[in-house]
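Next come two complexes, and both contain subunit A; in the first it sits with subunit B, in the second with subunit C.
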Partner chain A sequence: MRTDNIFDKYAKQILIVPSLVILIILIMYPTVYLLRMSFSSYDLTSGNPPAFNRIDNLNILIKDKYFWQSMINTILISISAVMVEFILGLSLALIVSGIKKSIFFKTIFIISMMIPPIVIGLNFKLIYDQFGPLNGIFKMLGFSEVGWLTSPGMARISIIMADVWQWTPFMFIIILAGLQSVPDEYYDTAKVDGVGGIKMFLFVTWPMILPSITLAVALRFIEALKLFDIILMITFGGPSGATETLSLYIYRTAFRFGDLGYASFMAFTMLILLSIVITLFLRFVGLRKRLEW
Partner chain B sequence: MIRKKVFLFILLLLAVVSFLAFAEGKKEEKVKLKVAIMSAHGMSDSAQAIAEKFNEKYGPGITVEVTPIGFDILLDKMLTDFSTHSGTFDVYSVGYHWIGTVGKYLYDLEEIRQKYPDIVDPEYDYEDFPKILWDTYATYQGENIGLPFVDGALTLFYRKDLTENPEYKAKFKEKYGYDLKMPGPGDENLTYQQLYDISEFFTNGVKWRDGEQFGISVPAASGDPLLSTYACFFGYYRRSPEGIKAFGEVNPDYGDYFTNDGRTAFNPEISDLGVKALNDYLNLGKFSPNPINLDWITSSEPFRSGITAMFIGWGGYWPSINAPDSPVHGKIAVSLMPMPHLGGWNVAINKDTKYPREAYMYIQMLTSKDNCKYLFMEFNETPTRISTMVDHELNADNPDLWVMAPALEKISVRPKLSILPKLEHSMGIILGKAWTGESKPREALLECAKEWDSIIKSMKE
Partner chain C sequence: MATISYWKIRKKLSVSIKYLLLFLVLIFFLFPVYWLILTSVKYPGDINSNPIVWITTRLTVDNFKLLFGYKGAVWGEKGYVGRSYMQSIAPFLINSIGIGTISTLIAMILGANFAYGIVRFNFGRQNLYTWLLSLRMIPPVVISIPMFLIFNTFRMLNTWTSLIIAYLLTNIPFVTLMLIGFFKDIPSDIPDAARIDGYTQVGAFYKVVLPLILPGLVAVFIISFLFNWNELLIAATLTTSDASQTFPVFTANFVQVERGTAWGIAAAGGVVGILPVVLLSSYIQKYMLRGLSMGAIR
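Let's look at the complex of A and B:
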């Protein structure tokens, strides 16, 4: 009897234990391990075990121009890509939401999301080739060929275009879901009040879909900051380091340079920065939302 | 009663299982070697073919399983395996330029030979390997850490149907004042000026195809292509009397890019030879599809599809470029670069292997004299043995073979240092700026030299 009582009393806690254990193993342990490695010197090429080195990795990071360059590249590429994806995704969602049988468009649009980024990278590498189909079309139309991957600026744009191609549908789907969840009554009431066109969008649609937009942009931004596979396949960080993102540089440091300690420190720094950026973004959006309401 | 029966049944079951496990343990342990081989250039096919021979001879007691792994991830795989001591693979193919990075994790083969003299093949003939290949592929810090498996020298592929065309030859002589002739066996190597002239001629001196045409494919993509190809240009000056005077003799561990006292040799503050070499490289790039996009594979493609007249690439590309379905099949030949550059692979044993004896038996078989010849005949595997390189019958049938021995006589080499990937990365970014026009060649070299010196300094610390 007594056992039953204890179980009843702590049922919630007891039931949560298995999930908690799994979470600790899968999330907490790697995070703690990463943190430990971040303050260690661990050079895989030396054959020596990790050794605690206090804040040496921070000193290296401060002076590491490649880290800062890759940080700038990451920010430039991810912000640009997410902005374009948002504009295109929103436009597409607005167009498709007006179409009654939109299942065909939804299916077509989400295909790109299902393709592995490595495959997309390989395809775009061929598309951007000097003798590839894109330049072929340009030449056919009488334009001169474009060096898609030969200058730092164009290479960044090319990477952004590949990312936009793959991830615009993600924005589209989430924003479309938001649009379709807006009750018709709101529009009817607004119409009665004489609101229409852009005003209808700004004062009825936008506030209602803002949570969906926030979610879509936040998720995409987190993913874009981790951009890796496409760049690995298309440019491998070139030309002259113009497309080397943080993820790629961390990967290179860990598995090419064999400097696992410093790579862990960079990864940990990236984790903190990512958390700060996302928190700020969510607060900013939340504040704006309150002001508008 | 039932409980008792169930208990007895479980007890009996446990006894049977324990007996079977004991009996299994008593059986002789079977050895299955796991071998990771780079997948390109037919290397993994070659390793697989020898694995089949090996399994036939020593199986089922000892068997070999070959796993092909792509060039791009092989080093990552090795480093992870070695540093975690997981012993995923017993044997690896190791690019010689990675030896500095992973050398500490490789078995000293002399130790195995001493411990198991019964497995040493008396016919193996170590003297049959060119000295430079033994020194670079097989030796690290005085230990024998691998056996030379696949040779690699940057080679000049060219369209012989173009260079031997009488009309083009006459036009070339008229324009440049000397004969258009690609060096063959016994000839002097081209100079970079001659290579420049020929590239210019086949870019805009004569119309030899409909549509776009280029004189040469010059790889300059960030990473290994840029580092190796620039070594062809810099090594040309580095190994000249002027270069030896300025930098001293080449230290095999530091390679052509360093002075004999370990400073970055292409530093314009030491000598102008680095700038000269970079200018040669950049100038030749004018006659190529955009070099900054060209890695080893993407630079071979324009040549294979008939857009470029020449191509700087590894000898191992011959089979794919001259394959029967290739648009240039039967129209191509090879010659020596003005200064070739050494690539190539050994096969080495993971220090964490449980089966060093068996692993040695396999790599010994893979790199034996007979199998070197067999692999060249079957898979066009670029040989590491002099006997195969100079074999008259093979040379008569294979127009790509003759360059291999003379290429090794005077060839530039990369550093065998643990920090090579860092050097490669910084060179890709900084010299990449000379290719994109963001920096002038002298500025780029100066910046790169300073960066390299600081990386070397940190390595020494």
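Let's look at the complex of A and C:
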């Protein structure tokens, strides 16, 4: 064994240090910048340099009803979307798990998850059109036309449906993997003991797939809180701000209205809130434990 | 006897209900894709028309021609002249492919070393893992604002470099997390044996361990590339022209400018956008779950 060679003596440093340093610079520099900008007023349109304004941005934020509205929208849309995805995904997984050709469904569903969200937005804008296919089906079934994107409530539902279309497969595949990892002996033993049907599901299946479910729901919820692309395409936050999410509102404040100081402060607030959510999930869900090496 | 046939019927019924449900679900998931493709090959008059054209043989590739900057007369029949001012999508696709490939490649090189170092030397453990995971979960909008300001001061907005650097911030943690999983699956006897054969630590990694996980490396590359291919928010903030705007930015701008008048062309763009996923899905499908759960599920 050679141990005098630098590729041996300093192997650890050679492998780890470059990436670690680059990663730290890549995250620290923008974070410090964001933090500094959060306590400044800087308007792109005015041309003045950023000026330190202490906690003025916080005072604006507290009174900014649009911010709170977008926060409520984000939470509402995320929770409903993830709930629907979970119920659909679980039911689908339970149905498919008994079928031998489940791989077929997996391949189809994988595609939907990786389609650019922007294309999904475009696609659903077509589908929700007043003269689009969804209203066409409704009319064929004898219902009247629905304004999918015109009322605040319907617009939210439409956004949720698009998200459900893209991400139900994620739930489905993770839960299916969980289901298929339950050993057959468990079911056999339960059968011998005279357990079946709903009881079998509640006392045998459910506890076994619970870790997969919590993981899927946690990951999905964290992602859903960042919802942006689909909304930009389908409703652009409308009607009357009903589908404006945090990401979209911050984006618009920063790059449409040019108020970078205040947008930074909101972004920082969002970062802190999301960190809390992630930390809670890592704790409660045991994500850390699942992933440790 | 009567009871047996009753059970048989009931069982058959429940099976057929099961398949009916599956069929409905399949339609729900396949219809939007079908509709996108159909719209992209329809004549303008057939798009969102009344009555709705569900299926048609009047097909055209003119939408694709226009999408790629064709300037002549199109949509035959009524002698409609195409939007000659329409910008070709080609440079945007090149930007997307170029930026995604370079950023992912750099992230792969850095991330592979990093991940192997972490596994081989038991570096950092849980805290490092949590840190990487949280980096991967930062909302793009939070990254985009300071990145915009930084690249603005360096006069680097609207360049490939700015986007490549910005994407590194999410690519490196992703690649590292994914590869940690792959390296952990390799028993440490293998590099140990290679070292007895005279390789250095680093040499053993490059010559012996890395080739072993080649299929995984390719899959991680593809998934990471696709994430960049799909990314809109950061690209939209850091770019302003076809010098560096990517495919999603093009599509977003196109739809906002055209306000729904050119659905056929927009749909053609959508079809181009999902091509990479469709082409690569069979290869990555084995690793996709790993990718989307950031290595949590093998």
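The working rule: the second predicted complex is superposed on the first by the 260 of 293 C-alpha atoms of A that agree within 3 Å, B and C clash if a C-alpha of one lies under 4 Å from a C-alpha of the other, contacts with A are read in each partner's own complex, and residues count from 1 in each chain.
We adopt the following convention: a residue touches a chain if its C-beta (ideal position, glycine included) is under 8 Å from a C-beta of that chain, and two chains touch if they have at least 3 such contacts.
Owing to the predicted nature of the structure, the values given are computational and were not obtained by experimental measurement.
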Subunit B or subunit C, by number of subunit A residues touched:
C
Contacts for A:Phe131 in the overlay, against subunit B (first) and subunit C (second): which applies, first, second, both or neither?
both
Using the touch definition from the top, say if A:Ile25 reaches subunit B (first), subunit C (second), both or neither.
neither
After superposition on the shared chain, which partner residues are touched by A:Ile222: those of subunit B (first), subunit C (second), both, or neither?
second
Partner chain(s) touched by A:Leu202 [first = subunit B, second = subunit C, both, neither]
neither
If we overlay the two complexes on their shared chain A, which of subunit B and subunit C does A:Phe255 touch? Say first, second, both or neither.
both
For A:Leu122, is the partner it touches subunit B (first), subunit C (second), both, or none of the two (neither)?
second
When the two structures are overlaid on chain A, which partner does A:Leu149 contact: first (subunit B), second (subunit C), both, or neither?
first
Please report the subunit A residues shared by its interface with subunit B and its interface with subunit C.
129, 131, 236, 255, 260
Okay, in this complex, where on subunit A does subunit B touch?
44-47, 66, 69, 129-131, 147, 149-152, 236-241, 244, 252, 255-258, 260
So in the complex, which bits of subunit A are touching subunit C?
1-2, 5, 7-8, 11-12, 14-16, 18-20, 22-23, 26-27, 29-31, 33-34, 37, 92, 95-96, 99, 106-120, 122-127, 129, 131-133, 136, 165, 169-170, 173-174, 177, 212, 215-216, 219, 222, 225-226, 228-229, 232-233, 236, 246-247, 250-251, 254-255, 260, 263-264, 267-268, 270-271, 274-275, 278, 282, 287-288, 290-293
Write out the stretch or stretches of subunit C touching subunit A in their complex.
18, 21-22, 25-26, 28-33, 35-36, 39, 48-52, 54, 110-111, 113-114, 116-121, 123, 125-126, 129-130, 133-135, 137-150, 165, 168-169, 172-173, 176, 180, 184, 195-196, 198, 200-203, 205, 223, 226, 229-230, 232-233, 236-237, 247-248, 251-252, 255-256, 260, 263, 266-267, 269-270, 273-274, 277-278, 281-282, 284-285, 288-289, 292-297
Per the touch rule, the subunit B residues reaching subunit A in their complex are 75-76, 79-80, 82-83, 100-102, 104-105, 212, 221-223, 289-290, 292-293, 298, 302, 305, 307, 418-419, 421-422, 425-426, 428-430, 432-433, 435-436, 438
